[in-house]
Amino acid sequence: MNRWSRKAALATSMVASAVLVASCGAGGRSESSSSDGAAAENVPGVTDTSVKIGAHFPLTGVAAPGYSEIPSGAKAYFDYVNSKGGIHGRKIEYIVKDDGYVPTNTTQAVNELVQKEQVFAIVGGLGTPTHSAVVDFLNSEKVPDLFVSSGSIKWGDKPSERPMTFGWQPDYEIEGKIIGKYIKEKMPNAKIGLYLQDDDLGADGAKGLKQFVGDQVVKEVKYTPGNTDVAPQIAALQASKADLVVGFNVPSYTALSQLTALKLNYKPKWFYTNVGSDPKLVGSLLAKFSKGAVKDGNSALDGIMTTEYIPGVDSADDPWVKLWTKVWDEQGKDGELTNYRVYGMSQAYAFVSALQASGKNLTREGIVKAIEDGGAKWKGPNKLPFRYSKDSHLGISGVEVVEIKKGIGEPLQDPMVTDLGDAEIKPDSGTAEQAPNESGLPDDIKGAE
Amino acid sequence: MRKALDTVRGNVLLKHSLIALLAAALVLLVMESVSPFRQGQLAMMAYYAIAAGGLTVLTGLSGQLSLGHGAFMAIGAYTTALLLQEREGALPMIVIILIAALVATVVGAIVGVAAARLHGPYIAGATLALAVAVPGIALHFSSVFGGEQGLNVKVPEVPRLADDALYFLTGTETSTSEWVAYSAWFLLIIVYFLLANLSASRIGRRWRAVRDDEVAASLAGIDLGRDRVVAFVVSAACAGVAGALLALASRLAAPGSFSLVLSLTLLSAVVLGGLGSLLGALLGSGLLALLPNLATSIGSSMGLSDVKAAELSPLVIGLTTMLVILLAPAGVVGSVRQLLAGRGPRATTAAAGTPGAGADTPTVAEPRG
Amino acid sequence: MQQLITTLLNGLTMGMVYAAFALALVLIWRSTRIVNFAQAPMAMVTTYIAMVLIEGGLNYWLAFILALLSGFVLGAFVERVIVRPVEGKSDINAVILTLGLFIVLHALAALVFGSDYKSFPAPFGVRGITVGGHSLAITPFGIFTIVAVIVVMLLLLLLFQKTDVGLQMRASAFNPEVARLLGVKVSSMLTLGWALAALVGSLSGLLIAGGNLVHPGYMDSVVVFGFVAAVLGGLDSPLGAVVGGLIMGIALSLVSGYLGSGLVSLAALLILVAVLLVKPGGLFSHASERKV
């Protein structure tokens, strides 16, 4: 190549680049363009006849046992509502993506839901570590992030920082407080060991608990979801001579702790958070582990204490459970009604209440306001009322302490309500659940005009 | 003699610069015309390509197999996350990325010194252990690194200067995610420019000499250890930059992002494209970034659940890697090049290209004498 | 003290599993000079086959034996069909090939069996044993693990030292050319080597799974630890593999129990680096390094 042709080549490339760039729209800055952002009328995911929502759940992975059933319950309830004509004429389209309880996958799943599927809101995204990865994104994109399936306090304690996010279930801190107060009153001499998931689930629960019985804690151990060998942790608890172990963990780790304790011949009293204690599920996990050494089903968790806040499948006479059974019979796919599906339906009911309260003109800001304004008074299967307001986006305000006997939780105490920090714990003042409407829909809620 | 060499060298540099310019223009064009979702995917392709570029130089040119580049990406990502815990008062993004690269480089130097004495399966196993160890450390020191939950990354606002410049060029505002995507691609162009020049330089030639015949190279006076470490350090730096961009793009640095599968698929991408070829690394990364979504769509239309469909992607990548090694070890780019040069697609080693043909420099641009 | 005993017993049981896995790696290395990184998912696949059979109602032991057999077949298949073309050629190609197989088997298992965490039965009961009023952290299944690995190792030893086939296999590994001249069917011996190795690998997979949660990635860390154990003992030495496995098991259990489970992989890495820098041939190596 001689000098001339090199210069020519350079010149050609520059011209080509300039042309390419100009075609992108290069030019001076004029007034602000209107290309960005949704136009005022078009709310993403909403049409006159439908509303599209999304969620991320661990359909596979270490947290899948139990939790993977929640979306099927929610879907059954949404289908039921759709079969009755939807809410304000809109049918609910529900898209669920798997994140395997891995935070990195959650970011991808939510990206797809928000940017590709253009959902109106994320409803019931599950998991403390997983949802933590996407909560800031959802708030900065102003996507309603409703009724997160997790008890971390950060879904609702600071609405100024996370205006679009709402919790639903009782948070771990108040659960820890109520458990702590119960232990202080009924088991003041117990030596407490803590078995915690290494994230907000464990941290928030421990914080609440220690407010009351911090001086009784003799050992704290943590596990990482994904590493299924908890022998070192249980061995450490055993070595500390703890005779009451309080666990804030997911169901697989309940089963693992039980199994490992058997191996080590360690027999403390156990107290598990409600998210980890469904007897049927844990029992079936345990049963598989050994032929006959641990029997299947309900007796697996007898004597274990936990908490409850909505009626479960064993309360067959409860009017809400009757509704859920009807919904599952009509709309449910494979399998039977389990407590996780009931969780899904109860949560779905809250979302449908929010849709109802938002009125015909459905917008993202509108639904947030509807929950803040009216949520605390909504009726639902929750035994304790919601705390929704402008200052708090936290959900159910308390729990009931129970002991599992023959697979059913026997109440040990009246349902108690409280709030974060040093808010008092007091018995619920009677906004306990009322029966559902005839239709099974929250149609008594007045929609905004 | 000197004049001829100068012309060649000048020519290579010029060629690489031209390609870089055209690439930048192309990036602008493409980025503006796609949806935010695609922009995110393109950002992913860019940072995978940066890591893959470093890896292809290490494995293809210098002959050192590394299964642990996920670990260096993790180091880059966590450094970035730690520096970006608060949006206010954060350093400029480019400084943060450079710091992340620096930290990864330092670790890379340590690992490289150890690795320089190993070969074959030993270095593979050692880097495999590294890939598993680094996320474990992040999990253990959970108070610093956030444990399984990881650290959230607060992406800084688009700098005023860049915002204006991009507006000038494209006529639209730039969101932070878009800005990250642009940065990823511009960094990719810069990194590849540097790698291509490095590969065509004396150091590159020494690498290839060591790879092809240790004994001869050593007799020729080449310091095996030092050159190997340099290659390792360069590739670790690339992976560090890639990790920083990953943290910025996904706004998260968590152990789950750096599984063993990441390191293995990165290597697969490089092998598929052709060891030693930057173009191959780019193609392989494109596959890595775009295949999962495509596979999920195809799988769903075949009736598979979303979860199962997602497994089609690694299946395809794994199968293709195996087929490439068995049938066309030089990878896509390498085989095409061989076909064009009139030789058959089988070569003795994936890495060697064609032994004995001295001027064969598998880079983006080939120098002509 | 209790915790120490628990940790050591745990380490002993895991150590036997690593020993078995390392043994599999060594068998393959000796015959074909390849490190089979895909050994882990191969073991995982055979464990899943066992689980499917058990869930289908088959007796645990029958399923166990069938799983081992399927391992044998899988190993033979992989050697014959997949690895044969790259034997004797460059190192890098073989490693990449086994890694590709690693990814493929992972994905196939997830596709066919699902990615859920499933519990795997343990036939001997999972209650800890009580000796003289003290409970030990070892279960009947743990004892079975130790015994099973020892039995298999003795059988292999018998095979190699006392039988004709064993002699042929050793000859093929030591000097293929001469062996061929003497009438040994070298290629068949190589296939047999892989098949036996895969069988041993399957055993380790089944032993870890018992009484634990199983998912497509559950063997992945074992490939790292097993590799380190094999290198520790010397890639050429079956005895070294066993010793290396035990050392790794106990060391890693101590780290996990007293320092934290996140540091286990780092510990493995450090052990590996230490061995490779100080005595690259491993503890039991007899081949000396070639220096230029």
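Order as written gives the chain letters A, B and C; numbering starts at 1 within each chain.
Throughout what follows, a contact is a pair of C-beta atoms (placed from the backbone, for glycine too) under 8 Å apart; a residue touches a chain by one contact, two chains touch by 3 or more.
The structure presented is a predicted model; accordingly, all values stated were derived computationally and were not measured.
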Farthest CA centroid from chain A: chain C
Which chain pair has the highest count of C-beta pairs that touch? B-C
How big is the gap, in whole Å, between where the Cα atoms of chain B centre and where those of chain C centre? 33
Compute the distance, rounded to whole Å, between the mean C-alpha positions of chain A and chain C. 40
For chain A and chain B, what's the span in angstrom between their mean Cα positions? 37
Please output the residue numbers of chain A that touch at least 2 other chains, ranges allowed. 60, 224
Hunt down the residues of chain C that sit against at least two other chains at once, touch-wise. 114-115, 261-262
Could you pull out the residues of chain B that touch at least 2 other chains? 139, 142, 307
Given the complex, residues on chain B that touch chain C span 59, 63, 65, 67, 114, 117-122, 124-126, 128-130, 132-133, 135-142, 214-215, 218, 260-261, 264-265, 267-268, 271, 304, 307-308, 311-315, 317-319, 321-322, 325-326, 329, 348-352
Residues of chain C touching chain A in their complex? 2-3, 6-7, 10, 60, 114-123, 125-128, 130, 135, 137, 139, 211-213, 215, 218, 256-257, 261-262
Residues of chain A that touch chain C when the two form their complex: 60-62, 64-65, 68, 100, 224, 227-229, 231-232, 235-236, 238-239, 252, 255-256, 259, 262-265, 285-286, 288-294
What residues on chain C touch chain B, complex-wise? 34-35, 37, 82, 85-86, 89-93, 95-97, 99-104, 106-108, 110-111, 114-115, 220-221, 223-224, 227-228, 231, 260-266, 268-269, 272-273, 276-277, 280, 292
Touching chain A in the complex, chain B uses residues 11, 14, 18, 21-22, 24-26, 28-29, 32, 35-37, 40, 139, 142, 147-150, 152, 154, 164, 167-173, 175, 250-252, 254, 256-257, 306-307, 310
